[in-house]
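A, B, C and D label the chains in the order they appear, each numbered from 1.
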């Protein structure tokens, strides 16, 4: 099983990106292969429908999504919605790459939990013909602390991460039986 | 009365931008001052919350919104949502610039009418504490033809444009009595 | 100024209804006239588009909204949305009664704050051509305690109530100058 | 494979109900078992969280959903949202009955296609932990004609119905391999 994680923040040490990095660790501990697309480290340019050939970074992202069995999308919540940086990246994708795949939506918000961005994100995923995982994850306010090893300091958050990851890999195994990870 | 129009496409001759240019003509014919922010001609860079000072183009847009009495947002519909290019531009703004002002949402979509992007856009506007005009405008499919003078070729579309513009200026006059345009 | 408050719960002592009753007290203390429509005490029957004449209770509600200068809608959050009981009541209304009026959306939720129901409610209000107040109110979890006098026990909640009510009466005064309440 | 179809209109000969009845015919022609819950013929009472035991009709619906492998929800679009009658019925359900099951959302609207109600419905389904089918179906305006045999008169609509049904049974077979229908 191969998962692509797209981190949609454009801020250094963004909590949504830290959360996705921790999730990558958990996936790997479960023998799931991962590709990490960090839109801060390697931003993709503003999407222009007139351009026939996407640039190198956008191409890398498109290929990573195409090759993945499932997708994790992480975003800060700006104005009750996903970041423009993430939406811009998603504008490069289509149902060719996303269609039929399990998608997990994750947000991090300075205020209360970022349900508004997750709802908008799931509407976008449906439009791309992805299969939204009904389990999602939103960290708000003080739940957004990470230790030196990259794990959330709050035990409840760590458990919730495991739960949404298990739900995603379970859904992915059903949608793509060939991608099932052999149990150790 | 001063209106800022933000055209959220990054495509040459985008129909959502043509529509906003036509709307600008109609506003001017009604003695309303306008500022046009074209995110294709003058793209604003990817928003980064770490940057304390926005670049020149972003600053121009922020100031234009700040000085306006009302706002028109135009977007293509990508994946049932607004363009990443528009969302990225909105990420620079806050309730300081948008709060309490009338906002008109406009979309153009290759398929049927783009209600999904308008709904998401109004949720974003509310978050910025703008006052959403209940009249909005979405052009779908074949309604998106424009003549040599920049007007929509369809008479029904032209009438609808006048109606949403009148609704916006009426709402703006109520919210900001000092901005009222003297009747000729 | 005349406000109608519609309490969309069908539960005895629902916190969303207690909140609306407290809001009614605050409105009255500001010399604003109120009508209270409690869908628990006086439920309206399931809406049937074939019926030409609504029953007595539905007629009362329709008339109350028609005569009001502004509207407060209160709902519990069920499954990330407003109660069926409230949606059913709104199905009797049209832009004749709601159009152009300021509308305040309020929710109460057992879990975290009920942003999902408020977002859906504002999309419904826009469809009815109401003017959504960008200030809304959602009580979650432990914020939902009320004292013997009907006031929220949490001081922050009481202040927030005053703030959203002031925002609503201010918006209503602008949209309907004739409805302005004389300052004492 | 067993599918429950819930028709959320409260109007005689509602097009959303006619569409669901046609879908039931198509399911049966594919050897899929069906249960039809018609909220017009057999309305469920207004949901009251204080009642510990739902009435007979609500109990029938709850059991039908519980026993189904997948769910089809049909609704008219009222005010950009699902009918109060359908929302009220959904308020009786929980993730016990809906969780992990494939759900197809279908709407019928007098105006253009009813995307706004479908988006809200999918947000509700996610909250119930159902798996939204990314293929949905919305009939608008003149597409809503049915022949004497109950089929849509428009060939494109009939094909679209087959497509969304195939997508649903395919998704259901993946989520619940035991429910797979043997190929003839």
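The definition used in the following text is that a residue touches a chain if its C-beta (ideal position, glycine included) is under 8 Å from a C-beta of that chain, and two chains touch if they have at least 3 such contacts.
Remember, predicted model here, so these are calculated numbers, not experimental data.
Novice: Taking contact as defined at the start, I'd like the list of chains shared as neighbours by chain A and chain B.
Specialist: The shared contacts of chain A and chain B, listed by label, come to C, D.
Novice: So chain A and chain D: same face meeting same face, with over half the numbers shared, or different?
Specialist: same
Novice: Need the most distant chain from chain C, centre defined as the mean of C-alpha atoms.
Specialist: If we average the C-alpha coordinates per chain, A ends up farthest from chain C.
Novice: Taking contacts as defined above, which has more of them, B-D or B-C?
Specialist: B-C
Novice: Distance from the CA centroid of chain C to that of chain D, rounded to the nearest Å?
Specialist: The computed centroid separation for chain C versus chain D comes out at 30 Å.
Novice: Distance-wise, how many Å sit between the C-alpha centres of chain B and chain C, to the nearest whole number?
Specialist: Distance between chain centres, rounded to whole Å: 30 Å.
Novice: Let me have the rounded angstrom distance from the C-alpha centre of chain B over to the C-alpha centre of chain D, please.
Specialist: Distance between chain centres: 37 Å.
Novice: If a residue has to touch 2 or more other chains to count, which residues of chain C qualify?
Specialist: 80, 116, 119, 123, 126-128
Novice: Could you tell me which shape the graph of touching chains takes: line, ring, star, complete or other?
Specialist: Here the contact pattern is complete, since every chain touches every other one.
Novice: Which part of chain B faces chain A closely enough to touch in the complex?
Specialist: Going through chain B, the ones touching chain A are 10-12, 43, 46-50, 78-91, 116, 120, 123-124, 126-128.
Novice: For chain C, which residues are in contact with chain B within the complex?
Specialist: 99-100, 119, 122-123, 125-132, 134-136, 171, 174-175, 177
Novice: Contact residues on chain A for chain C in the complex?
Specialist: The touching residues are 80, 112-113, 115-116, 119, 140.
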